[in-house]
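There are two complexes below, and they share subunit A, which is joined by subunit B in the first and by subunit C in the second.
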Partner chain A sequence: MRAVLRDVGLLWLSFRLGALDALQYRADFFVQLVQSSVGLVTALAGVAVVFGQTDRLAGWSQDELFALIGVFTLVGGLIGMVIRPSMERLMEGVRLGTLDFALTKPADAQVLVSIQRVDVWRTVDVVLGAGLLLIAISRLGQHIGPAQAIAFGLVLVAGVVIIYSFLLILATLAFWLVRLENILVIFGSMYEAGRWPVGIYPPWLRATLTFIVPVAFAITIPVESLVGRLEPTTLVGTLLLAAGFLVGSRLIWKLGLRHYTGASA
Partner chain B sequence: MTSHDEPVIAVRGLRKTYQVPEREGGLRAATGSLFRRRTREVIAVAGIDLTVASGEIVGFLGPNGAGKTTTLKVLSGLLHPTSGEVRVMGYVPWERPSAFLRRMTLIMGQRNQLSWDIPVIDSFELNRAIFQVPRDEYRTRLSELVELLDLGDLIRKPIRNLSLGERMKCEFAGSLLHRPEVLFLDEPTIGLDVTMQRRIRGFIERYNERTGATTLLTSHYMADVEALCRRVIVIHHGRLLYDGDLSGLVSRFSPYKTIVLDLEPAEDSIEGLVHELVGNERWIVSVGQERVTLRVPRSETTGVTTRLLTALSVIDLVVEEPAIDEVIDLVFATTAESGELAEASTDDPS
Partner chain C sequence: MTRADRVGGLRDAYRAKFRTEIALQFAYRGALAIWLLGLLLGPIVYLVVWTTVARSQGGAVAGFSAGDFAAYFTVLMVVNQLTFTWHFYEFEWRVRNGFFSPLLLRPIHPVHNDIAENLSFKLLTFTGVAPVALLLLVAFDASLQPSAWHIIAFVPALMLAMALRFLVEWTIALAAFWLTRVSALNQAYTVALLFLSGQVAPLVLFPPAVQAAASILPFRWMVSFPVETLLGQLSGEAVLVGLGVQIAWIALALVMLRLVWRLGVRRYSAVGA
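Presenting the complex of A and B:
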């Protein structure tokens, strides 16, 4: 427990340092604000166009899709804020040998590398996503009971854990392959597909987004649990999968460290 | 705390080999290696033994690729050795127990750990949190380090605005905030100008005096080693060539001394006379009318000097040990050719 509190403390400190860094470049804030707003408006407009023609899309109502876009933006913000920049720096550290410094510190190296860089302006996405989600929830109002809310919270956390573990595994591959920055770019474009429920995609793409690049677990499945459409077995399965991913990525990380020999011998 | 008679660093039979991908040049070979990788085993450290006592500053010498950095990385827990036994303050470094990491530090002259874009002091704050240094202790240590390193206002600036030397000083401060008892310094003065090198050197010395920290340092600059280390360890091709004090290194690997005589101008050529007195053509470096330079085996120095002093009208006489750089060059050149010294010295780890 103390270790967890300490890690949270380190995350907060890392966030503050990221903020200090970011505040030097205020223009970035406005760029991010514009970029995020345009992204959000485009997504909402897309939904509006679709629902001009129909009032159900693969079983989803318009407000449910708004909730989905809210979660998509929120989770995307979390990934872009901490996970992805930290993983990019991890891969760079393997290539340049600066990972050595994380390994000579008396804290869990996985925690240190996972929070080593924070892109503070991406909180814009987190805030916009959360805002949209709240609006959608208030419109869905009567359909959401406490059970759904709890399930939603659990599955959302599980989904973020799955994505984090997945990206950690990808980044850990750098221990063996050294140069593979592009792998995160590929993930980024796969993530974009998550702005629609995976159910609308053809089976092969649906399977890809669920089992190969597990975007579905972080977006579609949490929203399904929110609107009470999630089977209890899927809920339990998602939680188990998250635990499995966390343990698995930890093992691969340990294996990678064993393999790591630094950039210069 | 480690007791005084127990070594802080104890290494026995340390070996480290790397598997290195091998391929011929050219596109065809490169494409081929996509599918079938051939590897070759490279021996970085070929079995070394050493112990370091508490509070010692030991210089680690060797040409590039000798195995210095590999050894340092094993000692600081970054590499698993292929075989051998290593204890640092009683810990097995590569298990990286938190208690061990809290008590040591690794500073690399070629790499920075402080964040590029944020003020130095904020990076220090992160290290404070990671090492869980209590705030009041942190403040005392920080002001002490700021004073010792003459940092002043530098710590309020981001790293990117600092010169290479200033950056290195900040690296030192950041890496010592948790007051480590063992310091591993890998080329700490590399690329710095002479003044800054001297400052860093002075700092290492004062830090060692003040805290009694055991220090292992590698450097390409002999001046660092001469100023700081009474004891040096020379490795080459992954083997220990020498372990002992610096002056011993000179007498061991350079069996010659240089004798320079300034003479009163003579009417006749003295060349024939000098040849006769010295008794060996090969010991003569140069003979002029007013100066004679000789390179004579250690054991013959006294005899030759006496003979010359009695026969010639000498104004001044200097007998010199060769410069330490020359000795080191000589050691590596000799061993590269024959490997004999390596064999000889492994039998006799003084």
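Presenting the complex of A and C:
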């Protein structure tokens, strides 16, 4: 428990450092605000165009899709705020040898590298996504009971854990392959496909988005649990998978670390 | 220097630039493939969304069957790849870091450098797009049976669309001479392009006001028009009028480009080597 508290403290510290850095460039906040808002409105307009021709998309109503876009933006914000910048720096650290600095500090190195960089302005996405999600929930209203809300919270956390572990595994591959910044760009492209429910995609693409790039777990499945369409077995399966991913990524991290020789010495 | 000399010089410059550019871009095959993935995924996602809608509506939406949507978005994907440019993402960096200086020192207009870059990119990536397009046509059972004259009309429509989109986007890129941050402008343009050039849905599915805006502004003529032509959605007369509109827009865009360039390049001042 104390270790967890310490990690949260470290995250807060990293956030504050990120904020200090970002406050030098205050105009960026407005740039981010405009970009995120336009991005969100574009996504909503895309859904509105589709629902101008139909009232259900593969069983999903318009409000359910708005909730999906809310989760898409929220999780995308979390990835863009902490996970992706930190993983980029980790890969750079492996290549340049600056990872030494993280390894010599008296805290768990995996925790340190996972939160080493925070892009504070991306909280705009988190806030906008959460706001849209709340609006969508209030419109879905009576269909959502406490059981669904709890299931949603659990699955959402599990989904974020899966995405984090997946990206950590990708970044850890840098220990063996050294140069592969582009791998995160591929993930970014595939993530875009997550703004629609994965159920509409043909089997090969659905399988890709579920198992190869596990976007489905962070977006579609949480919203399914929110509207009460998730099978209990899928819920349990997602939680187990998250635990598996967390342990697996930890093992791969440890294994990769043994390959790291440092470049500065 | 006579006019023939200048044309000959330009041709040699293009030939040399193509050779180096293709070698250069081929060296970054991985990055190229990743760009391509991003370009292909958008149309594929909308293809899936709209075929799903068509099926749930008993087979067709506003006259589009699932097979029509598949044909529309596959052709759109190819046209989008062939007309796409990225220079407006690059100009800010070029201006801020002084990378314009070597281009300005050359005896030919910098636009030629970018045209050659753009065409080499398209040539290389088309080898990836073509098989994906064929695969999609088969996998989604697309109903694409163009008659001979649709194909004949498609060729000039596509080439004019390529020229028009390049000129418009290159002129927009020049905004970097005045603005230090162009990302907001670029995003506004990209969003307008997304909806008004038919990339989210065929334009006929939009309300009449949006359709009118897409036709009055250059957007429809940059992407959607060649697609509509190949799919045989337009009458012969409409195709001819469309080609005329494309030519008119290209003329206007050329004038704008020259004007904005002349004003903008005066503002450019580089530091260092």
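Definition applied: the second predicted complex is superposed on the first by the 263 of 265 C-alpha atoms of A that agree within 3 Å, B and C clash if a C-alpha of one lies under 4 Å from a C-alpha of the other, contacts with A are read in each partner's own complex, and residues count from 1 in each chain.
Methods note: a residue touches a chain if its C-beta (ideal position, glycine included) is under 8 Å from a C-beta of that chain, and two chains touch if they have at least 3 such contacts.
As the structure is a computational prediction, the values presented were derived from the model and not from experiment.
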item	value
Room on subunit A for both subunit B and subunit C (clash or fit)	fit
Partner chain in contact with A:L205 - subunit B first, subunit C second, else both or neither	second
First (subunit B), second (subunit C), both or neither touched by A:F101	first
Touching partner for A:L17 - first (subunit B), second (subunit C), both, neither	first
Which superposed partner A:R56 touches (first subunit B, second subunit C, both, neither)	second
Arrangement angle, subunit B at one end, subunit C at the other, subunit A at the vertex (C-alpha, nearest 10°)	100
Subunit B versus subunit C as contact partner of A:G145, first or second or both or neither	neither
Touching partner for A:A45 - first (subunit B), second (subunit C), both, neither	second
Partner chain in contact with A:E192 - subunit B first, subunit C second, else both or neither	second
Gap in Å between nearest CA atoms once subunit C and subunit B share a frame through chain A	11
Subunit B/subunit C common contact set on subunit A	none
Interfacial residue positions of subunit A with respect to subunit B in the complex	6, 9-10, 13-14, 17, 20-21, 24, 96-98, 100-101, 103-107, 112, 258, 260-262, 264-265
Residue ranges of subunit A touching subunit C (in the complex, touch as defined)	27, 31, 34-35, 38-39, 42, 45-46, 49-50, 52-54, 56-58, 182, 185-186, 189-190, 192-193, 196, 200-202, 205
Residues of subunit C that touch subunit A when the two form their complex	30-31, 34, 37-38, 41-42, 44-45, 48-50, 52-53, 56-57, 61-62, 139, 181, 183-184, 187-188, 191, 194-195, 200-201, 205-206
Residues of subunit B defined as touching subunit A within the complex	18, 42, 44, 69-70, 73, 76-80, 96, 98-99, 101-102, 104-106, 108, 110-113, 115, 117-119, 122-123, 125-127, 129-132
